[in-house]
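What follows is a set of structures for review.
Below are two complexes that have chain A in common, paired first with chain B and then with chain C.
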Partner chain A sequence: MASKKILVADDESHILNVVSLKLRNAGFEVITASDGQEALELAQSERPDLLITDYHMPQLSGLELCQRLKQDPATAKIPTIMLTARGYQLDTQDTEQNGILRMLSKPFSPRHLLSTVNEVLAAAAAAA
Partner chain B sequence: MALQINHHIAGSGGVRGTVPKAVLDNLATRFRPAGLFLALLRADGTILFHDDSAGLFFQRYVLPLLQYEDTSDSGIKQQLRTLSATSPVTVWNHLPGVILAAFPHVDRRQMAGILILAAKSASFKLSEEVVRVCSRLGLDGIWLNQQAEETPTFTEEAIQRQARMLLAMMRDQVRLSSLEGELDSLSGQLANTYEELSLIYQLSGGMLINRGANDFFKTACLDVLETMGVQGMGVALSGDAAHRQEPVLYGPLSLPPGTVHRLSGELMPVLFHRKSPLLINDLAKDKTFHWLGEHARHLLAVPLQRQDRVLGCLFALEKKAGDFDSQDSKLLNSIANESAIYLENVMLFDDVHGLMMGLLHSLTSAVDAKDAYTCGHSERVAAISRQLTIEAGLPDALAERIYMAGLLHDVGKIGVPESVLQKTGRLTPEEFEQMKRHPQIGAKILQDVKQISDIIPGVLHHHERYDGQGYPGRLTGENIPLMGRIICLADCFDAMTSNRTYRKALPLEVALTEIRRCSGTQFDPILTEAFLKISVEKFRQYMSMRQEQAKDMIELQRNLQPAPAA
Partner chain C sequence: MLALVAGGILCFSQSLGEAIHGGTRLHIGIFGSVLFVLGAGAGLAAIVLLRRDCRFLIDAIHRMTSSGRLDTLRTTNPEIRPLILAVNEMVEAADQTVSEAVLRMKELEIELKVATAQRQHAEAIIYSISDAVLVTDTFDELVLSNEAAARTFQFDLERSRRLPINQIISDEKLVELIRDMRQSNSSTGRRIVEHRVKNQREDKIFKVTLSAVADNNNMPAGVVAVLHDMTREKEVAELKNDFVSSVSHELRTPLASIKAYIEMLIDGEYDDAKTQKEFYEVIQNEANRLSRLIDNILNISRIESGLVQINKQPQSLMVILKEAIEVIAPQAKLKQINLVEKLTPVFYQTLADKDMLYQAVLNLLSNAVKYTPEGGTITVQTLVDEAKRKVITRISDTGVGIPPKDLPFVFDKFYRAEANNHMAKGTGLGLSLVKHIVETVHRGRIFVESHVGKGSCFGFELDLCE
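Showing the complex of A and B:
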């Protein structure tokens, strides 16, 4: 089976580096975007199996990115893990309507992120 | 042929000086279309890398020539010997029909290898010499000539230019690749820092003062176990904190009984003196802890200390991968620092809480002491109310508040004259009115203590009746605050089972029957059900509590009587 492709979007490059190193070491193919607009374009052209996105990003916020992906049937089903600032909570309505399956607050544990990724992908595979 | 493949990750101990294979592959691909062949040789002539996708002219003719043992002065090995770390790009054309550009690959001012760029020389023809080489290599000269015709030709100047370009590109690429390695290594370190940070956040979130210290340490140990990748993670407390928690070890590592106690007993004095982490990576050879060697290899222990006071220690046993290092010790130390602050706070909280409860008990004893017949009454009502709350399936936290309300329910009797409280006969209607004011007086006494404002309804309404015939509010049913309904039951039960000036104490069975009879009129029927489920043993305990308290009181009163004149 080809390795799963994961799109990681965050305007903080150190987060991109940490997350992609962790995921690459676990055998995933990783593509990165440093703002919401770039992430949207990459999601459309690359069709990742999973999106990990920060909430606070220039151009498009993480939530706007998810809303845009939801509008296009080709990208509507990409499961999403959202990274947020500690203490920040999204409305459950926003998360449920936009395919945001999990939320992790920064600073998150990369190990925990990896296990969350595996859970979300397993759930997506079971649902397909 | 030995090909050295080196991923060249900074700090991972890769072989020094070798060029990453990915870099060489990349460069070879760039020079191949022009008709150039890339190889990396060791100074002794061993080929470390060569372009394995090059054309047949290179694969079958040039590469074997480079490997060919030739002891004459024009052999490749002799040529290689003329190079040093400072040599510029040098062009050699001693191999028949082939032109080579060579330059040293320098790492930390040492020559770590020789880069060779090879091409077909302008002078290539099927000469006698080429034919001789062909027969030595088992090649057909005509076939080689055909291959050579498809291979571009290079002059000395042209290949030198290309080699200089290769040199510049290679320096860039090596640098780039080492930076990438460094970035990965930094990202790896950063990932560790994230793990630690998120662990510390998680721990701080669990530092609830009213949560038991052992519950906190259990979660902390399990979290550290995972983050640090160890087989066993334990905690031991000492001194003032020792009674809160037996030494304990969590995780898959199982030790024989008594080992954890022995370990914590021996660790404590060591850490008490060190006041810094203790890191042992070969327990079997350790002077003090060698006895632990048969169960684990590694031990990392850090003191739980506040200022100079050591409250205990955290210890990790048996790291899964590798040895403990300074990073582990830093992590465990910061967790110990956080935990020590928490532990100290819990101890301070308990001190203050203990002081408050002590004062409350003194206050209620003072009230009860006004009347020898009611001695210990408040304590018992408090204990029975708490038991009833638990029996009714209500939260433990509420049970503790109700205990406090039970203690204070009669505090208003301070404001009732002793002549009324201690009167042996029946009360006159005026006296009874005075007596009936004690719930309101109690509520008033407590009203300014905002920390216990939640228990005032229990004090104010413990004489209400379910049917509305009680006082002071004549409230009915569920309108009576829950605390009032609970304390009412406990209060009446204790009154019935105590001696009074006008009657003897009722036996337990009679009292319980009476309680049942009054369910729905005096008492909340649901709470009555719960009350009657309290076990007989529990009731007997409360009654024996009374005998102890009464004995103490008689003793006290006897001691206070003036000694008979001699």
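Showing the complex of A and C:
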């Protein structure tokens, strides 16, 4: 079975690096974007199995990115995990409508992120 | 005089009797006639005297009437003396009543003056209050108001008195609040509500204090509404909230890297010693970033509260600049930004707090890196004006630039140019701190020049020391 492809979007290069490394070490194929616009383009061209995105990003915020992906049938079904350094949580309407399945707040544990990724992918596979 | 007349008449009647009954009729008749004439004459004289005295009295009364001054009436005529005494007594009593009335009137005049002065004073106090004041009576008519109220609700202060409140202000909610308070029939009640007032220019938020007032008999007499403008307080509270929110975001970001990399090291998730070293370096850099941010926040609040310890010594500004450039170089390298130094020799010195000035320079450099796209150039230049004994530092970039409308506010606390918000995260504190350090701590001058799309130049001017 080909490894699952995960798109990681964050404007903090250190976060991008650490998440990529953790996922690659676990056997995933990882592609990265450093802003919302780049992530949108990559999602459209690469069709990842999962998106991990920061909330606060230049050009396009994490939420705007998810909204745009939802509008296109080709990318509408990409399950998403959102990372946020904001103290607040998005309301459930925003998350449910835009395919955001989990919210993790920064600082986060790469270990916990990996187990969340596995759970979300397993749930997506079961639903398919 | 009356006695004389009476005597005359008595004599006359006696002689008439004797004339009828007597023998020597003729003699008696002559004697009687003489007596009669004498009696009549005396009577006539008495009447004349009486009339004259009466006229004197009437004249005296007229004089008193026209002069308005009461006086005692006098007469030598014994016939009218008791009458005059009685009249004098009456006049005296009337005079006293009038005097008392005049005195009372004067007292009332003074009381009126005092009351008017007190009312004007109270009104002046109400007029001078910056809070809007509306005082209504039991008919919901405006009794008293002030300039602040007229301005807020845009009515004419002079013409509004005694008009129903709903004809003066169009704010239905407020009219209802006043009416409710009046209808509650309370004589001591008080209610505080927050109320938003909309007018053409802006929305304002007021704290409205409604108090029921009572008259002397403790009956409800009306309502006093005092509106305190708390728009600014609300804004400050919002700014504080935003500040806490963005500061916590700024603190979480480096902390997130530190925690994630430490976990990776613990879990042994690195390929080789080189990666391991990279992880340590990330942790170190992010920890430094965190402490810089905390320094910024603390310094700004310390300078603002005047608690900061300033340690000014002759320093070479160029040395400080070189140190800051060294620290910022890795970040610039990451974005392939070219750092150019055009510094004057190090022997020029300024009286400065080294740590603070270093902080200011670092903030300016860090901003330049943030807002300059990849491959750009940042130039750090110093110019010495020997004649004016000044040194000017200019940090110019080839960044996005600042729109002219934002330029006057860039040094304000929490202010961030919206157009460049997407470029970088920030607390809106960095430049505010730089301004404080340059102007408050070092009595220098800060400046900014910027062209959208071309770049910005931030700089400051300090005095050289001997």
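Heads up, the rule we're going with is that the second predicted complex is superposed on the first by the 127 of 128 C-alpha atoms of A that agree within 3 Å, B and C clash if a C-alpha of one lies under 4 Å from a C-alpha of the other, contacts with A are read in each partner's own complex, and residues count from 1 in each chain.
In the analysis below, contacts are C-beta pairs under 8 Å (C-beta built on N, C-alpha and C of every residue); 3 or more make two chains touch, one makes a residue touch a chain.
Everything numeric here is computed off the predicted structure, so don't read it as measured data.
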For A:Lys22, using the defined touch cut-off, is the partner it touches chain B, chain C, both, or neither? Pick first, second, both or neither. both
Quick one: is A:Ala85 in contact with chain B, with chain C, with both, or with neither? Answer first, second, both or neither. second
Would you mind checking which one, chain B or chain C, touches more residues on chain A? C
Scan A:His56 for contacts with chain B and chain C and give back first, second, both or neither. second
If we overlay the two complexes on their shared chain A, which of chain B and chain C does A:Lys70 touch? Say first, second, both or neither. neither
Looking at the overlay, does A:His14 come into contact with chain B only (first), chain C only (second), both, or neither? both
First, second, both or neither for A:Lys5, with chain B first and chain C second: neither
After lining up the shared chain so the two structures overlap, which partner does A:Arg102 touch, if you call chain B first and chain C second: first, second, both or neither? neither
Could you pull out which residues of chain A sit against chain B in one structure and against chain C in the other? 14, 17-18, 21-22, 86, 107-111
Across the complex, what residues on chain B touch chain A? 183-184, 186-188, 190-191, 194-195, 197-199, 201, 226-227
Which chain A residues qualify as touching chain B in the complex? 14, 17-18, 20-22, 86, 107-112
So, in the complex, the side of chain C touching chain A is made of residues 245, 248-249, 252-253, 255-261, 263-264, 267, 269-270, 282, 286, 334, 422-425
Would you pull the chain A residues touching chain C in the complex into a rising list? 12-15, 17-19, 21-22, 25, 56, 58-59, 85-88, 105-111
